[in-house]
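Shared between the two complexes below is chain A, which has chain B as its partner in the first and chain C in the second.
Up next is the complex of A and B:
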């Protein structure tokens, strides 16, 4: 596999995102608002010192991280793939000598990288201004967090891409995007898994929807080596499984491609 | 050398049948009804290396479907295709490296970036070596006259400028076959002419095989050596353009307006389509009578106010062909 072409795709997509920067700033404003609302909300709720073992400061940093993780990918880039499939634009992209999934991945990563830089900056400033610098006990956390974050991005990409590719089979994929983003939001982004009733906590720790946000954020705010290892193992397994499903759906979909016109 | 060989190619689509009314909608949710549409049925043809081939037909005739099967995007329902010795459905990526495609109504350039970025990306995708890319780009820039456009974001280019960039982009990797799906759609006469010259030039210089679909009789007349007419998924006619021209393109339509009342024209080879006191529409067969003679005939008493000479529209030629095939005479 020639890696060079995928790096160029990444590069071009990144430049495209920088050129077309209006929606980037929209995203930053949304992110800031979201964090601020949570800052006020948790400020009222936190009368005691900790809830489910999270301190107020940990809680705010938790939301800063989960929001960054899910917004970095976003659904818009991949929703466009669904539209390409429907209106036939995909014909152009398929007829090229590259791996189409790798193309979309590099393309998405290019745009996501710009967003990532913006959100980590905004998140860092917001968190520090609102509740002070995070209380990090050990530097060992950093590689675990980075790894968990990268795995989360791969998992999110695979899930979203599978949903986008469902446009090969169903007439409208938008409801699936909607359901997916609500799952991500409810199971891990808003509140940590530990806030759910104990019978629900166990399955949630194994579900990809919660692992993508809760995983890296938990490692960041409350590092525990055995739990972090466990999270990363679960994430790795899911990343492989989800990527395989995505590949399978793509292979199946391409045979099914339905391009009308002329 | 044969470079495209198609045998008994068939493509059917299954579509959900939608009926009117809420009750029917509910019913189709539970038990959807399907209908099969035969977009391309049982067509066979070959294209030689270096040939310029026009693929003509009305909307929905199956032109694009065929191009998409030839480039490996759609999988045929039945029949076999060989392009450059490869089966497009199985070796899509391998084939993609050797062909270029331009779909007139879709863009392969990044909308917000200048064309030069898209060019560089395509060069990397097609694995064009750096020095080769530089010389190739210089050549294309000069030939397509796009030097000034290279640094302008694509969204700011006019359609004519964009199409020139699109075609240049598809030639960066020196494809052996160039598929053009309605390349001149929506362009003005000057740009159309320029695009046609460029296509001819590419064909001469590199012996690139050109496979072109169009609605425009001019495209076919000016560029192609062979034309294939398709309708309802079937090939109606496969003929050299010379022959086609002889049979159909020697017809001209002359519309004239007069200052004063005119006498109806009567000449050999001229059919009157419409004639009133002050205007006439004439169908001229240039094989029998030259345009010059007709014009001097109708303008001889200084009565002529206005005149327009047109090719018969492509639709008319196709219609004519259909009538003839239906009558049994090819």
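Up next is the complex of A and C:
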């Protein structure tokens, strides 16, 4: 597999995101609004010093990280793929000299990288202004956080791509995107898993929907080496499983494509 | 007499558009139902968030109970739904101005702004409308007072949502493409109407009672449900009517600055 062509695709997508930056700024405004609303809301709720072992400052940093993780990849690019499948445009792309899944991955990552840079900058400024510098006890946290974040992006890409590819089999894939995004929001983005009833916490720590946001955010705000190792192992397993499912759905779906020339 | 004839004409136009839009959606019945139920489930997930938040906070958050928050959600969701069923095309105003497609609407023998507003609909908005009604029925029961205020709130809320969009998009006449401003303003409106108003302070609190009138969508109706006051009702009605007049005046003043292009468009 020639990696150079995928790096070129990544590069083009990155440049496109920088040049056509209207959507990027829209995203930053939404991110800021979200953090502000939750800063105020948790400010009212936090009458006591800690809730479920999270201080107010940790809670705000937690939301800054989870929201950044889920917004970095977004659903727009991948939703377009399901549209391409529906209207038949995918046939043109399948005939080109690249691996289609790798093409979509490189293309998505280029734009996501720009978004990541913007969100980490905005989140860093917002978190520091609102609740002060995060309390990082050990520098060992940094590589764990970076790895967990990268795995989270791969997991999200695989899940979203599988949903987009479901358009090969169902008439309308939009509700699946809705439901997916709500799972991500509810099971870890808005509130940490530790806020859930105890009977729900254990299964949630193993679910991909919560691992993508809660995983890196928990490592960032309350680092614990054994828990972080456990989280990364779970994320790695899911990343492999989800990528395999995505590949399988793609292979099966492509068989449904009929090209009639034109 | 002139006002009455104009109002009747506009009402007839909206009724025609509504029937036409609905029948075109019904062509794809399965897709319609999937999108409606998808949106209702989408909204319902937020009940879970508030259940968790009240679980850690206790009975009140900024003076609001769980039931109160559900009222905010029911009104906002249904008002948003009604606005997007009837006037979804409001989101295209900037685009119509920039591309020159506005010419088509200017040539037709009906009032321009109502003609633009009614010319499009959103399928998933039915899900928002129905969700609000079902949520209110489940959480608040069948009290006549609550339902009268709810129905009024949904209608006025739909008007306010639409007028805020008209005002924001009209800026395109003055400063160029204001699409992003409009979508940001609209997102702010939605976000501020589904959270307790007391969590906001300072400039934001002033904004939600003035330029971004989220308080007039959901918070004031809730205040009326809990403690009815004829003065508050009068202020609410006056504000909605005032906002409606302001948005129309602003649009028609802006329209004077519009320069037509040579674009030829066919409306099918």
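A few comments on the model shown:
Basically, the second predicted complex is superposed on the first by the 257 of 262 C-alpha atoms of A that agree within 3 Å, B and C clash if a C-alpha of one lies under 4 Å from a C-alpha of the other, contacts with A are read in each partner's own complex, and residues count from 1 in each chain.
Just so it is clear, contacts are C-beta pairs under 8 Å (C-beta built on N, C-alpha and C of every residue); 3 or more make two chains touch, one makes a residue touch a chain.
Treat the numbers as computed from the prediction; the structure is a model and nothing was measured.
Once the two complexes are overlaid on the shared chain, A:25 sits against chain C while remaining clear of chain B. By the touch criterion defined above, A:98 lies against chain B but remains apart from chain C after alignment on the C-alpha atoms of chain A.
In the superposition on chain A, A:89 contacts chain B only, with no contact to chain C. By the touch criterion defined above, A:45 lies against chain C but remains apart from chain B after alignment on the C-alpha atoms of chain A. Once the two complexes are overlaid on the shared chain, A:16 sits against chain B while remaining clear of chain C.
Touching of chain A by both chain B and chain C, each in its own complex, is seen for residues 171. Looking at the complex, you find that chain B touches chain A at residues 13, 16, 59-61, 63-65, 68, 71-75, 92-94, 96-97, 99, 101, 103, 106, 108, 110, 112-113, 117-118, 120-121, 124-127, 153, 181-182, 213. Interface residues of chain C, counted against chain A in their complex, comprise 30-31, 34-35, 37-39, 41-42, 45, 48-49, 52-53, 55-57, 61-62, 180, 183-184, 187-188, 191, 195-196, 198-201. Across the complex, chain B is touched by residues 2, 4-5, 8-9, 12, 15-16, 19-20, 88-89, 91-92, 94-99, 171, 255, 257-262 of chain A.
Residues of chain A that touch chain C in their complex: 22, 25-26, 29-30, 33-34, 37, 40-41, 43-45, 51-52, 171-172, 174-175, 178-179, 182, 185-186, 190-191, 195-197.
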